[in-house]
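Let me give you the structure first, and then I'll get to my questions.
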Amino acid sequence: MWLLVEQLLNGLQLGFMLFLLSAGLTLVFGVMNLINLAHGSFYMVGAYVAATLSGAGMGYGVALLGALAAAGLCGLLVELIVLRHLYRRDHLDQVLATFGLILFFNEGVRMIWGRQPLFMQTPAWLGGSVELLPGVPYPLYRLAIIGIGLLVALGLYLLIARTRLGMRIRAGASDRQMIAALGVNIRWLYTLVFALGALMAGFAGVIAAPVFAVESGMGESILILTFVVIVIGGIGSVRGALLGALLVGLVDSLGRAYLPRLLGLLSDSEAANALAASLSSMSIYLLMALVLAIRPRGLFPA
Amino acid sequence: MSGEILLQARGITKRYRGLLANNNIDLDLRRGEIHALIGPNGAGKSTLIAQLSGELEPSAGQVLFRGREVTALPVHRRARLGISRSFQMTSVFEEMTVMDNLALAVQAHHGHSFRFWRAAHRCQALNREAETLARRFGLEERLHQPASALAHGEQRQLEVALALAGDPPVLLLDEPMAGIGPGGTHELTRLLGGLRERHAVLLVEHDMQAVFALADRITVLVYGEVIASGSVEAIRANPEVRRAYLGDDSLQEAAC
Amino acid sequence: AQPVKIGMITTLTTKAGYLGEDIRDGFRLAIEQEGGTLGGVPVELLVEDDGRKPGKGRQIADRFIRKDGVRIMTGIVFSNVALAVAPKVVRQGVFYISPNAGPSKLAGKGCDPNFFNAAWQNDNLHEVMGQYVQDAGYKSAYILAPNYPAGKDALAGFKRYYKGRIVGEVYTKLGQSDYAAELANLRAAKPEAVFFFLPGGMGINFLKQYQQAGLAERIPVFGPAFSFDARILKAVGDAAVGVKNGSQWNWDLDNPANRRFVAAFREKYGRMPTLYASQGYDTARLIGSALKATGGKPEDQDAFRKALEQADFESVRGAFRFNRNHFPIQDLYVREVVKDDDGIRNVTLKKVFSDHGDAYADQCRM
Amino acid sequence: MLTVTGLQAGYGDSEVLHGVDLELREGEVAALLGRNGMGKTTTLHCICGLVRPRAGIIDFDGQSLQHLPEWRIARLGVGLVPEGRRIFPNLSVEENLRVAAAHHSEQAQPWTLERVHALFPRLRERRRHAGNQLSGGEQQMLAIGRALMTNPRLLVLDEATEGLAPLIRDEIWAVIEGLKAQGQSILIVDKNLGRLLPLADRYVLMEKGCVVSAGAADDLLRDHELQARYLGV
Amino acid sequence: MLRGPSALRLRVLLGGGLLLLLVWPWISALFGGDYLVSVMTRVLIFAIAAISLDLIVGYGALVSFGHAAFLGLGAYVAAISAFHASEGLPLAFGFSGSESLLVNLPLAMAVAALVACVTGLICLRTQGIHFIMITLAFAQMLYYLFVSLDAYGGEDGLVLPARNSLPLLDTADDRQFYFLCLGLLLLYLYLAHRLVNSRFGRVLRGSRANETRMRALGYNTYGYRLAAYVIAATGAPLAGVLLASKTEFVDPGLFSWQLSGELLVMVILGGMGSLYGAVIGAAAFLLLEQWLAAWTEHWMFFLGPFLVLVVVRARHGLWGVLTGNGQ
C-alpha cells in the first residue's frame, strides 16, 4: 500500500521534472510559434555550468546563478544570431536550423568539457531523506523538485495570463506585424521570451544535474519526452504542460513499477518479463497515441 | 415563390455556452430565388451559414436538401451534393496561382480526384472552365499570380469565384460584396442577378443597395432570432427592422 | 616501406563517446611509446567514429577495406556494432581484434579464425561478480539490466555463478534516466545484495539516485567494471564509494607492464587510465607482437594468425593467453571503490577467478 | 503633419507604387480613393512601416518615417485599423484592447477602456470572448477600439466599415465625425463615398500606383465624371 | 513555377546530374577504387526514402517524424524473409521466406502499406505538431517492438545471409547493385513526379494550403491525405529493402527517431516540395557527413552551423540555391 503511494510520488516528481523543461518549451513553441529542438541544449548548458561551478568549490547558489546566466545568454545569442531570421518561416526551417544547433552545442560541450560525464553534488541542505511514510524515507531533493515545479507553474501562469507582458507575447504569437504596428517592440520582446525559455531550460538542467548524469547529448532523450508532454497537454498552455507532464510522469513510473508484476501474474516466464519491459518502454508513446486519437489537439488546446 | 425548395433549415438552434447564436430558425431556399439574410453584426448570420454548409453542428434542428435530411453529413459531402459557400473572411489558397485556385475548385465537381497519372494542368476541360470563371470576375490578367499577391478586393472576388465553380445549385454567400470597391460592386450585383434562374442563393450582405437590388425575399435576423421575413418593400417598411438594423438614413446612403 | 594501416572503428560521439576515446588513447599511447611503430613495424592508425550505429560501422569498415586497403581492424566498443561489422570484415580476410565488445555469438557458434578479442567475453565481468556475491554469502539478490541482448547476457552471466535467491530481475528501458520506480520496488523486495549492469550514463543515474534514496547505506551494490571506471567515478562522486565491481584489470595490478602503462598514460593525457584504455593499449601491443613475428605482414594470414594466437606480449593485466575461440583466458578480480587522498578510485580487493575462460568456447568449431 | 513625396514600393519583383504624393494637415481628414488593387493599402502600410518603401520620403511632423520600424512609427502616434481587422484571435476582447493601451499623443481626454466600451457597448458585452469568437462586425469595432486605445495622433483607417451593418456603419461614421470634431487627424480608405466625401477635407485619387487627382473633397463630390472614370460609379 | 532563365538552368542541372550518376562508377574507379560506388549507392537509397517523405512533407504538409519506421519495416521484411529462407524455417501462411527482391520488395511494400493504413487512420486525425508527434509515437512503438524481438536479434540486429537477389543481375556485384539502385531511384522519381502533378497532387497541395476551403469545395481531405500517407509509406520500404541488401544487416536503429529526423533534415536541406531537392538533400547530407567525419572527429561542430547557414540564407534549400530561386 505504502509502496503505491511512494510510486505515485515518484510519478509526480518525474512529472514536475518534465514540467520544468516543458514549460520553457511550451512558452517558446506555443507562444512564439517556434519549434526549438535546441531547447535541450540549454538544459545541457545549465547542467554543465552548474556542475563545473560547484565542482570548482562554489556554493549551490553561485552554481545556480551562473548556470542560469549561461543558459539565458546562450538563448539570447541563439535568438539574435539565428532564430530571429526564422519567425516567419516554415516550421520545418526552424526544425532544420535548431537541429543544426543541437549538433553544434553537443559537440561544443564535448570540445570544452571533454567526453566524460561531469559530477554535481546535491546541495547539503537538500541531501537527506525525510520519512514521509512509516519506514519509507523519501529523498528531500525529490520533494524539493515537486515544490519548485509547483512554484514555477504558478509563476508562469501568472506571467502569461495576467500580465501585460504575457498579453503582448500572446498577441505577437498570432500576428507579429500587428502587435508591432501597435507600438510594441516585438523583436526585443521575442528575444526576451526566448531567453526566458532558455533560462528555464537551464534551470531544469541545474535541478537535474545532481540526479542525472551530466553528459553531452543529455538534452535529446529528454527533449523527446518534453515534446510528448506538451503535445499531450495541448500546445501553448501552461496548464496543459503541467497536466501532460504529470500524466507522463505517472504513467511512466507506474508502468515501470507495476507492469512487470501484472504480467507476471499472467505468466511467470521470461517472455512475460521481456514483454513487460518493452511495454513499459512504450507506455508513454501508447499514452500519447491514445490521447491524440481521442483528442487530436491534446487535452487542453490553447 | 414557386421554384423547387432546395435547401431548408428547420428549427436551427446554436448555442455557444451561454450565448444563443441562432434560435429556432426556419428558412427555405428555392431555385430561382435570391434570399437575402440581413441583420446586425453578431446576429448569427455566419453561424447559420456554417450550419447549413456543415462546418458547424447545430445544437438542435435539421437541415434538409431536396427534402432529404443532411444534418449529419460532413461539409465535403454537402458540397458534393451542391451546397457551396463563400467565406466572410477570405479563404483562398494563398500560395497557389489564381489559375490553380480556380482549377482546384472546378476539379472538385469533376468526380473524385484519385487520379495519379495525368498531369492536372494539362487537362483542358478544367483549364477552360477556370479561365471562364476568371473572366467572369475580371481576374483574367491575374491568372498566373499567386493569390497572396492579389489586392484585398481581388481576393474577395476570387473568394466568390471559388464558390461559384461547378455551378452548384445552392449558393451560400457570406458578404460577397465586402471589400469590393464601388465599381466592382455594380458588376458583382449584375453577376449575382444572373445566377437567379438556375440557383438558389442565400445572400448575407450589409450592402443594402445590393441587397435591395437583388433580393426576392429578405429575412432579418436579430440576436439569433428571425424578426421579419418578406419582400424587399415589406422589409424596408418594417419599423422594427429599421430600428434594429437599417437605421433611418441608410436608404440615402445606398443611393450614392 | 609503407606503414601497416590499422583501421579503428570506435564510438567517439554520443554519450558513450568517452569509451572510444579511451580505447583510442590507449592504443595511440602504445604506438607512441614505440616511436610510431608496433613491434618495430611502422603503423598508421586510422580512426573513425561509428556514432554507436551498426550501419555506420559497416560503412566505415567498407571504406577502410576498399579505399584504404586495411588488413587489421579494431576499436569497436559496442556489441551490436561488433556483431554487424566483425563477421563481415573477417570474411574478407581481414583481422579483427576486438579491444572491447565480446558478444557470446562471436565466442561460440560464430567464432572465426580471424576474429580475436583482447579484452574479455561479455559475460566474464558479470560471472566474476556472481561468484563473488555467492562466496560472500549474500542470500538474495536483486538484479537489473537494460532490455537488450547484452543486458540479458549480463544477468545470465551473473546467475551462472550466483546460486542464491533472485528476488527481482528487472529489465529497464535502454537509455533510461529516472530509476525512482525501480528503486522503490527494490526497497520493497528487501534483497541482501543488488547487482546491476547499466553502462554509461544509465549507471551514473542509477547510482546517484540509489544514494539519494538512502539505499546506499543499507544494501550493498555490485556490478561489472563498466559502471565504475575512473571517468565514471568522477561523475558519480561519493555515491559509488564502497561498491564492489568485477574487472580483469586495475591500475594497481602489480606488474611492470602495468606500472609503465599507468604512469605513461597519466603523463600523456593527464588522467587515470580506464579499463578501456588498458584494453586499447593491450590490443595495440598484441597486434605489435604479431607484426613483429611476421615482419609486418598481415597479408600472410596463417602466419599472422598464428602469431596472434601466441599472444606473445606483456599484458598490463599479467598472465594472458587465448582460448581456442580466440577469447582470453585470464584472471578476474573484484575491485572496491574507495575514497582517499587521491580522490575516488578503485582498489583491487581480491582475485576471484584464475585462468578463467568463457562459457561459449565449447560451441566454437574452429 | 504628414507629407508623403515620391513614394515607391512593391512586393518582390513587382512595383506597386510608382511615386505617390499626399499631404495631411493637423486635424484634417484625408480620403484615399481608388479601385481595387490600385495601391491604397500599400500606401497606408508604407506610412505605418508594415511595408518598406523603395524610394520617397514620408515625413511626420518633421520625423522621417521611411526607415523606422513599425513599432517606432506607432509610438510616434500613428494608429492603424488594418484591412481585414487582424484581431488577435487568442486574446480576449478586453485583452485585445488592453494590449494596445498607450499614450502616443498628449490628449486632454485620452481613450480608455471605459471610453471605448462606451463607444461600442457590444465590446463590453463580449469582453470575455476570445477574438476569434466575434462576428465580423464585432471584430471591426474591436479593431477600431484597439487603434483608439493607442491614442494616436494620426488615425489610419483601412476599410473600417467593411462588413458592418448599416446601423453600426452609421455609428462608426458618427464616431469618425466625432473624432474629427475633436481634432483627430485621420487618413481613411473607404469605398463608401457618400459618407466619406462630405466628411473629408481633402482627397487623393489613385490609379495603378499613381496619384491621378488630389484636392478638396468637395470638388470630387461634385465631379461625377472623375468619379466615374476612376471609381467606376 | 520556375521563371524563364532558371528553366534552362534546370535542364542543365538535371542533365548534368544524371550524366554524373551514370558515369559515376567509372569516375570513382579513377579515384581510388570502387569505394565511392558504395557511398553513392547509399546516397541513392536514401534519396528514394527522402523523396517518399517529401511527397507528404513537401506537398501535403504532413510532417512525419516516423518515416524511418517504414524504411525499417522494409529492411526487416527483406532481412526476415531472407533469414527464414536461408535457415529453412517456415515464416507464416506456409511461406518460408525468400531471398529474391522480386518477392521481398512487393512484400515489404504491402506490409508498409498495411501498417500505414492502420496508423494513418489514427494519425491523420491530428494536424501540425500533433501529427509530427503521433507519427513519432508509432515509430517508437515499432522500435521497442523490434528491440524486444529476440528471435531476430533484438537490439543487436540481424545479419542477412547475402544480398537479396534478382534474376539476370548479380546484386553482389557493387556496380550492378549501384545501377539497380539508380534505376529504381529514377523510376521512383518519375512516378513521384507524375503523382505530384496529377489531379491528386493538386488536391494534396490544396489541402496543405487551406483545408477548410478544400472541404467546403467538396474534397474529403482526410481520404486524400490518408491515400497520400499510404503512398508515401510504400516508397520508404523500397529504400529499406535496398539498404538491408546493401549493408546485409538490419537493426532496430532503422526505426529510431534519429533516422526519421535525418530523413527530414535531408528533405528540408534539399528544399521541400521539389522532388529533386530530396535527392540533393540526401546527397549533401550524407556526403558532407562522410567528408567532415574523415576530416575531423568534431565534425558535428561544423555540420551544425552549416545546416543553420543553409536555412538562414536559402529559402528553398539547396535546390533553391542551385536553381536560383533561393532568396
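By letter and in written order, the chains are A, B, C, D and E; residue numbering begins at 1 in each of them.
Going forward, contacts are C-beta pairs under 8 Å (C-beta built on N, C-alpha and C of every residue); 3 or more make two chains touch, one makes a residue touch a chain.
Please read these numbers as outputs of a predicted model, since none were measured by experiment.
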Contact distance in steps, from chain C to chain D: 2
If a chain touches chain A and chain B alike, it appears here: D, E
Most distant chain from chain A by Cα centroid: B
Cα-centroid distance, chain A relative to chain D, in whole angstrom: 45
For chain B paired with chain C, centre-to-centre distance based on mean C-alpha positions, whole Å: 75
Averaged-CA centre spacing for the pair chain E and chain D, given as whole angstrom: 51
Length of the line joining the C-alpha centres of chain C and chain E, rounded to whole Å: 36
Sequence positions of chain C contacting 2 or more other chains: 12-13, 147, 174
For chain A, residues contacting two or more additional chains: 106-107, 110, 274, 277-278, 281
Sites on chain B at which at least two other chains make contact: none
Pairs of chains satisfying the touch condition: A-C, A-D, A-E, B-D, B-E, C-E
Sites on chain E touched by chain C in the complex: 32-35, 38-39, 42, 147-148, 150, 153-157, 159, 243, 247-249, 251, 253-254, 293-294, 297, 299-300
Residue ranges of chain D touching chain B (in the complex, touch as defined): 11-12, 14, 34-38, 41, 83-84, 122, 126, 133-138, 140-141, 159, 162-170, 191-195, 231-233
List of chain C residues in touch with chain A within their complex: 12-15, 17-18, 21, 147, 169-175, 177-178, 180-182, 184-185, 187-188, 200-202, 204-205, 208-209, 212-214, 231-232, 234-238
Contacting residues of chain D [partner chain A, same complex]: 48-50, 69-71, 73-75, 79-80, 82, 86, 88-91, 95-96, 98-100, 102, 104, 146-147, 150
Residue ranges of chain E in contact with chain B within the complex: 1, 194-195, 197-203, 205-206, 209-210, 212-221, 224, 227
